[in-house]
Every structure is written in structure tokens, then in C-alpha cells.
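Before anything else, here is the set of structures, which you'll find just below.
Next come two complexes built around chain A: one with chain B, the other with chain C.
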Partner chain A sequence: MNSFHLILRYFSASLRSQLQYPGSAIMLGIGAFLTTIIDMLAAWALFDRFGQVQGWSLGHIAVFYGVVSTSFALTDFFTRGFDVFGGECVKTGAFDRILLRPRSPALQLVGYEFRLSRFGRLAQALLVLFVGAAVVGVAWSPDKALLLVWTIAGGVALFTGLLVLQASFAFWTTESLEVFNVLTYGGIQAAQFPLSLYAAWFRNFLIFVVPLGCVAYYPVLAILEQPDPLGAPDWWLPTAPAMGFLFLAASFLAWRAGIARYTSTGS
Partner chain B sequence: MDAARPYLAAFSSRFLLMLQYRAAAIAGFATQCWWGGIKVMIYAAFFAAAPAAAAASPMTLAQVITYTWLAQALLALTPWSADPEVALSVRTGSVAFDRLRPVDTYSLWYVRGAAWMASRALPRAALMLVGAGLVLPLVGLSDWAWKPPPTLAAAAAFAISLPLALALSSAFLMIVNIIVAATLTDRGVNVLFNSLIIVFSGNLLPLALYPDWARTALLVQPFAGMMDIPLRLYVGQLSGTGALLGLGLQAFWTVTLILLGRWAMARVMRRLEVQGG
Partner chain C sequence: MPQILVEDLAKTYRVAERDPGLLGAVKGLVHRRHRTVQALRDVSFSLEAGELLGFIGPNGAGKSTTIKILSGILKPDAGTVLVNGRVPFTDRIAHVSKIGVVFGQRTQLWWDLPVSEGFDLLADIYRVEPARYRANRDELVALLRLERVLDQPVRQLSLGQRMRAEIAAALLHEPDILFLDEPTIGLDAPSKLAVREVVRRLNRERGVTVLLTTHDMHDIEALAQRVIVIGHGQVLADSPFETLRANVLAERRLVVDFAHEAPEIVMAGVEVRRRQGQTLELAFDPARTPTPNLIAALAAAHEVVDIHVGEPAIEEVIARFYDLHGAGEA
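Presenting the complex of A and B:
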């Protein structure tokens, strides 16, 4: 069985187990839909009071938010294993078992769970994205659709990288570091507004350290056909999502270093 | 005095126990700095972008910024989720022991819940005061800093309002706990109430900044007393009769929720299902 089939097998087992409790799965999905709605509530109230910010309207914010939130929702489907890695694998010693199996540990962690309830977040994110795009009058074309897919792929790579990095830290700390939620959930919060709103040092953090701006701000400018008010060259805007893949590659370096120094907690 | 002793003991033991979780406090502080920092920058951009709307806003930018840091500092004072101790005792069945103790279960859970929230808030608030109140002005960002209350009256009103907020939050926490005891799980209620509280306590956005037509409705609902009213008193946005009204609302909702909670608890405990074995 090749890796792809194995992943599908993992996912279908996970889906079947979640569908044993259909009521719970549906309610969690609806709950996720409702709780993510409030992400946009503060932005709506601010625009209602102030009208615009640096020329941006609520529709623009909806597109920024929709893109980054779609990326995160897609990532969230299959990264549960990395999220709980510290507590459930390193601390308990269960990682020994994973290492003994003749498949890569990362692949097994991806197969840990396929979270059905994330459909709620995905549906909300896509809804916000396309309603926002309609409001600001984005003219969709095959080029732009392709750019959107490329942007979201970059976002998925970046968020996956963050989760892999979080799991890698667990080799040193033995516990999952909840602080990483700042970069995932907090990252969505930060990336829903254009980078030009932020102070320079924070902007640079979002471009060069954790490149959330490269998988949301820059490519969305290209989709909106707006030049960068901060003066980035036009060729850079659609190229930026590649940074997400670079970040993912760097995270896997940390992951390999972590596995190399792994010692079991025993028992 | 003797009647209160077991409850005081329950409060102080939980309070001192929870204070031991220093790593959790520091992690919480880091998270709250991130959220607070993003919010402050976004508010500053909005206020700068529309000077006319900013002038007409019911809160000045400086008030909004102090409000934001305080809201982050006191985040743990709002009842985000059911008391994990109660949820665990319902799950394992040890809730039966609580029923056997020669004390009033409602009061016992109430003081334990109050201690849980207060002890989690205290170290985070202290760290935030140092970070946003002292460090930010020292590095030259005093426009974005946590400022002291503008008048002595505002400080006094805040000092009265903060314990009331804790009393109100604990009364609401008890409602959540009772739902957990009745439904045997804390999963559903936590998800549901989380969003309610983050919006209606003013944590997401100061309640005064929502559209003007919603202002009265947002002030009189019970969640405002958990965070928004004390913070508005602190920054001086509510003063004079408005301040008295705010304190009165907090007291009213505290009493109402305690009566409601006691009534619901009596009903749930009459047919309590004890798990375990």
C-alpha cells in the first residue's frame, strides 16, 4: 500500500468512528460555524463606526480573513496529531510505537485524526471570502482562481509548518506548548487586517519570521488588483505564498533534529 | 463567623493552589500581550483613519487602549468555561462526596469557582500591569500604554465594581456548572458560552464601540457587569449617575443569577445522576 492509500485508509477509519456519534459531529460543526462568525463581528462594528481604514472597507477585510481562515480550516482537518503530539505521544512514550512501524512518523501523525467538525469553520471561511469578494467587485478569471488556490496552498503549508514546529518543540519540552495557539488562532486575527495597519516591527515579524503576510496580505493584494501601499514590487505579490512552503521545509528540519535526539520517557 | 469558615477555607485553599501554576500564568500573559498588541494597533489605525468619527466616538483612543490592556489582564475573571474541578467530579462521580459534606453545595462550589478565577487573574494582571503600564512607557510607547484612572472617583468606582464583577462571574459560573451537572459533560456548554462571553462582556470589542442603537441593550445585559462596566468605570467613560447605574446593574444581575442558580441547583440535585464505580 502506498502512502496515499494509507492516508485515505486512516481518514476513512477516523470518519467512520466520528460518524458513530452523528449528533455530536453535526453540533460541533455548527458550533464551529457560529463561533467563527464572531471573528468578523468586531471588524463589522469598527467599520460601522469609522467607515474605512486607510482606504480599506469591510469587504476587503472579509477577503483577507476568508483566505487565511480557509487555509487554517483545511490545515486543521489533518494536523490534530501534531497538535496533541507532546501530551499524547512524547509524554506517554507512545512515540516509541510510532517509531517502530515501517512508515514515516509524520505520515502516521497526519493519519491520527481527520476532524470532521472543521467543516463548520471551512464553510464559514469560504462564505466570508466569496461574499467579501462579491462586495468589493472581484472579477474572477481562471488566472485569479489559480492564484487563490496557490495562495491557500501556501497558507496550508505555513500553518502545517507551525503545527510541525509545535510538535518538534515537544521533543525538548515533553509537553505541547499551548503558546503556539498565539501564532495559529492569533495569526488569523493578525492576518485579517492589511499589514499597513501595523507598526513596522510587527509587520516585519509577519513577513520574515512567521510569514503570515506572505500567504494572505501580498497575494490577496494581487487578487484585489491593488498595488502594495508599502511599496512591494508587483511581481512579488503572487510569488509570496512560496514563503509558506519554505517555512514548512524549515519546520521539517526542526522535526528531524527533534527525532534524532528523542529519548523515550519510558514505561 | 463560624458558619463562613468552611467557605473561607475552601476559597483560600483553591486560591493558593491555583497560584502555583506559574508557567500557565506566563503562557497566558504572552498570549494576552499578542492579542492586546494587535488590538491596540488596529484601534489606533481606525481612530487615525477617520478623525470625524473618532471625535464622535463615545470613547477616546486612550480610553480604548487602557480598556484593552485591562480586558486582557482580567480575562481570567470571566467565566470562560465550567469549573474544571466540577466537570471532573461530575464525570468521575465524586460529586456525590460534595453532596455528603455538611456544607451548602451551592456556596461551596461558588467560593471555589470565585477562587479559581481570582487566582488565575491575579498573576496575569500583575504581569500585564508591568508590561503595558511600565515597560511600554519606558520604551517610548506611552501613547499605547495602560494608563492610571483619570480621577480618584473613577478609581474608587472601579475598586467597588471589580469585586462585584467577580461575584457576578461566579454566579454565572454556577449556572454553567449546574448545566454540566445536569448534562454530565462540559463540552457543549463551554463552546456555547465561550462565544457569548467573549462578545457580550466586552472582551472582543469595548461595548461602547458597537453601533449606537445597540448601546442600551448592551449595557443592561448581564455579561456587561463581568468586565465592561468595571473597565468603563476605570477609564472614566461611566461617571456620576452612570456609574451608580452600572454598579446597580452589577448588583442586580448578581442577585438574580444567584437566585436562579440556587433554584436550578435544587432541581438538578433532586434527581442527580452519579457516574462512576
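Presenting the complex of A and C:
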């Protein structure tokens, strides 16, 4: 059985475990839908007061937010294993069991749980994305649909990279570092506004350190058919999501170093 | 070449120490003090295919470290380890597909899934060919009497049922070597007997090599032909259990019921271990005081109702052995 089939088998097993408590999964899903709606209410309150900010309207914000939040919701389905890795695997020694199986540890962590309740967040994110796109009058074409898929794929790679990095640190700290939530949840908040609104240092952070801007701001400009007010070349806008994959690759270097440390220290 | 070869194994841990309390935690961030713990100093032994080896020692002696190194989870600092001709930690994936490991304290099944679905998933993880998997599963289910629990979620099983399911789970991929880390811990008497019976049959009938750690000396008595005692990270003894007993505590026990109040016994080389009403328990060395002579002397001097000859309990043998080597709890 190849790795892809095995992941599907893990997911179906995980879904069956969760469906033993269907009420819980449904309530968590609805809860996620409602709480993430609040994100948009905050932006709505802001734009209701000021109308536009540097030429950006609430509709634009909705598209930025929808793209990045969709990426995160998709990532959240299959990364729980990395999220809870420190507390539930390193600290308890459960990672030993993962090493005892003839499969890559990362694959087994992806199979750790498929979080059904994330449908709530995904539904909200897609709703905001497409309503926003309709309001600002995005003319969808096959090219743009493809660009959207590519953008979201880059975003999934980036958020996965953040979670892999968070898990890698747990090899040293044996705790899951909650501080990474600043980058994931905080990142969604930051990436919903156009980079041009931010100070230069923060912009650079979102481009070069944790490249959230590359999986939201730049490609969304291409979808909106707007040039970058900061002057990035047009070819860069649809290319930028590749940075998400670079970030993921770099995270796996840290992950490998962490595993090497674990097998030589046993904790 | 032996199936498991361990030579001059050494392993040191660096344990971070920190002062208690919030201040200690903050100080720990800035400057960490480390204490080194020598888990293994110089461990060597080898195991042929089909052997059943008991691995005993006080807590902290190095048993778990050795098992972790043998199963490829941990890298030693020095020494050679070869299992089936492979170095476990460099060839992890090939290595772990040929071994089975059961940790008594941890589950490898999925808590909310029925046992049978956990088995199916493990078969996929280990890439067991479907027809072979079905044959193995059916055989193990019959051997471990799991028919009644197959459809139950793991969380609903009793500890004894779960341990039997764990052992089956560790064997679905037909490993040649089985590591059992305290497989009877916390089990009730019938479950312990069932686990021992299964381990014995796997070893005899399927030729599975078994390496077992335990604190329950009855496991050792019931199963192991050979015992390795480990203490302070070193092999203190490696022999059949009877040899260990003869070397450590060669004494016999004689329990005598007298017709009247138990008398005072003053005889060279005989020691009173227990006195209770009309009963005495005597300890003696059969090499110095032959058993028939002792019995004859007792029967001649006193009115004796019953006599029972025994050996010291295995726990006593081991406790004495640890004492001799200063290997109490580390």
C-alpha cells in the first residue's frame, strides 16, 4: 500500500472514530463557523466607519482573508498530529511507537487525526472568499481558478511548514510551543490586510521570514488584476506562492534535525 | 552469526536540571545545568534465533535503554548492535518491519476504533499482503481468544483483553523477534497465565525469538530458559535461572509441623526462618547438611506431623542477588 492510500486509510479510520461522537463533531464545526465569522465582523466595523483604506474596500479584504483562511482551514484538517506533537508525543514517549513502525514519522503524524470539525472554518472561509470576489467583481476564468488553486496550495504548504516547525521545536522543548499560534492565527489576521498598509519591517517579515504575503497578497493582486502599489513586477505576483513550498522544505530540515536529536537523547 | 549481537554497548544521557518554581524555570532558559547519567556502561550479550530470554534488573538499571537501542529508537554512544545482521538505528524501516514490540504500559492500537479495524490499519502500515494478513489474524485471534472482543472499541477492553490484543497486534506482520516490555504489569492472575501461555507457544511453535523484561519473577520462572540480570548499566549475570539460583542462594527450605509447640532447634548450619505456633521454617545448605540427615534428626528428637521441602522464592533469590552486587534501585 503506497503512502497516499495509507493516508486515506488513516483518515477513514479517524473519521470513524470521530463519528462515534457525531454530536461533538457537528457542534465543533458550527462553533468554528460562528467564531470565524467574528473575524469578518471586525473588518466590517472598520470599513463601515472609514469606507475605504488606501483604495482598498471591504470586498478586497474579504478576498485576501478568504484565501488565507481557506489555506489554513485545509491545513488544519490533517496537521493535528504536528500541533499536539510536543505534549502528546514527545513528552509521553508516544513518538517511540511512531519510530517502531516501518513508515516515515511525518506520514504517521499526518494520519494522526483528520479533524472533521474544521469543515466549519472551511465553509466560512470559502463563503467569505466568493462573496468578496463577487462584490469587487472578479471575472472568474479557468486561468484564475487555476491561480486560486495554486495560491491555496502554496498557503497549505506554508501553514504545514509552520506546524512542522512547531513540532520540530518540541524535540528540544518537549512542549508544544503555543507561541506558534501567533504565526498561524495571527498570520491569518495579518494577511487579510494588503501588505501595502504595513510598515516596511513588518512587510519584509511577511515576505522573507514567514512568507504569508507570498501566499495571499501577491497572488490575490493577480486575481484582482491590480498592479502591486509597492511596485513588485507583474511576473512575481502569480509566482509568489512557490515560497510556501520553499518554507515547507526548510521546515523539514529542522524536522530531520529534531528526529536525529531524539534518537540520540531519547527525550 | 547470532540473531542479536550486542557488544560493549554504552549510552549516556544528559539530563537538564532546573531549580524548582518559576524562578528556576526562568533561570533554566538562560543557563542550563546538565547532569550526565550513565544508562549503559558496557553491555554485551548475544541471542540465537528461537531463544526466550528474560531480562531483569531494578528500575533504572538499563533494561529499557537496551530494548530501545535494540528496537532502533535510540542510538548508542559506543558499541556494536546487530539484529538480523542489521544496525537497528541506521536501517530503521527495514529493521522495524521484522520485529514486534509490546510496551506493557502503552497501547499501539487506536483507542476509539474496534480491535479488528486497528488490526486492518496495522496490516496496511506494515504492508502485509492481504491473504497472509487474514491467515495470521485468524490464527492469532484463535490463539489469543480474541473472538469476543474484535468488534469492541479498544477503550472498552479490560486490561487483560487489551494486552492480548496488543500482543496479536505486534505479531500481524510475522516478526522473527518479539520484544516484550513488562507484558504482565497490572494484569489479574488468569490474564497473566494466558499471556505466558501465548508467549511460550509463540516461542515453541512459531520459533519467535523473545526478549522479555519484567519485574514479575513468576514470568521468568514460567518462561525464560535464560536470564540476564542487569544493574548499574552492566550485565551482572547471564545464565539459566537454575544456575543463578544455585550460585546466589543455594539453600533449601524445610517446613516442619510438630505435634506440640515448636521446639528450639540448635543445629550447626540450620537456621530458623519463621516460627508460627506448631510450625517452623528452617533454612539449610544441602551440601553441608544433607536433607535426609536433617529430617531423621528432627523426627528422632521430636514428634513430627508433616514435612515439606522447598526452595526460596524467586523474589528472594533476586533480592539477594541485587544485594550482593549493590544493585538496589538506582
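As a convention for this text, the second predicted complex is superposed on the first by the 262 of 267 C-alpha atoms of A that agree within 3 Å, B and C clash if a C-alpha of one lies under 4 Å from a C-alpha of the other, contacts with A are read in each partner's own complex, and residues count from 1 in each chain.
Here is the rule we use: contacts are C-beta pairs under 8 Å (C-beta built on N, C-alpha and C of every residue); 3 or more make two chains touch, one makes a residue touch a chain.
Just so it is clear, the model here is predicted, and its values are computed rather than measured.
Asks: Kindly say whether there is room for both chain B and chain C on chain A in the superposition, answering fit or clash.
Replies: Aligned on chain A, chain C fits beside chain B.
Asks: Mind working out whether A:Leu197 is in touch with chain B, chain C, both or neither, as first, second, both or neither?
Replies: Once the two structures are laid over each other on A, A:Leu197 reaches chain B alone.
Asks: Can A:Ala13 be said to touch chain B (first), chain C (second), both, or neither?
Replies: So A:Ala13 only meets chain C here.
Asks: Between chain B (first) and chain C (second), which, if any, makes contact with A:Arg101: first, second, both or neither?
Replies: second
Asks: Report, please, how wide the angle is at the C-alpha centre of chain A between chain B and chain C, in steps of 10 degrees.
Replies: After fitting both complexes on chain A, the angle is 90 degrees.
Asks: Applying the document's definition of touch, where does A:Ser141 land relative to chain B and chain C: first, second, both, or neither?
Replies: neither
Asks: In the superposed model, how near does chain B get to chain C, counting Cα atoms only, in Å?
Replies: 5 Å.
Asks: Name the residues of chain A shared by its contacts with chain B and its contacts with chain C.
Replies: On chain A, no residue contacts both chain B in one structure and chain C in the other.
Asks: For the complex, which residues does chain A have touching chain C?
Replies: 1, 5-6, 9-10, 13, 16-18, 20, 93-94, 96-97, 99-103, 108, 263-267
Asks: Quick one: in the complex, what on chain B touches chain A?
Replies: 27, 30-31, 34-35, 37-38, 41-43, 45-47, 49-50, 53-54, 57, 188, 191-192, 194-195, 198-199, 204-205, 209-211
Asks: Under the stated contact criterion, what part of chain C meets chain A in this complex?
Replies: 13-14, 65, 68, 71-75, 89, 92-94, 96-97, 99, 101, 103, 106, 108, 110-113, 117, 121, 124-127, 153
Asks: Per the contact definition, I'd like the list of chain A residues that touch chain B in the complex.
Replies: 27-28, 31, 34-35, 38, 41-42, 45-46, 48-54, 177-179, 181-182, 186, 189-190, 193, 197-199, 202
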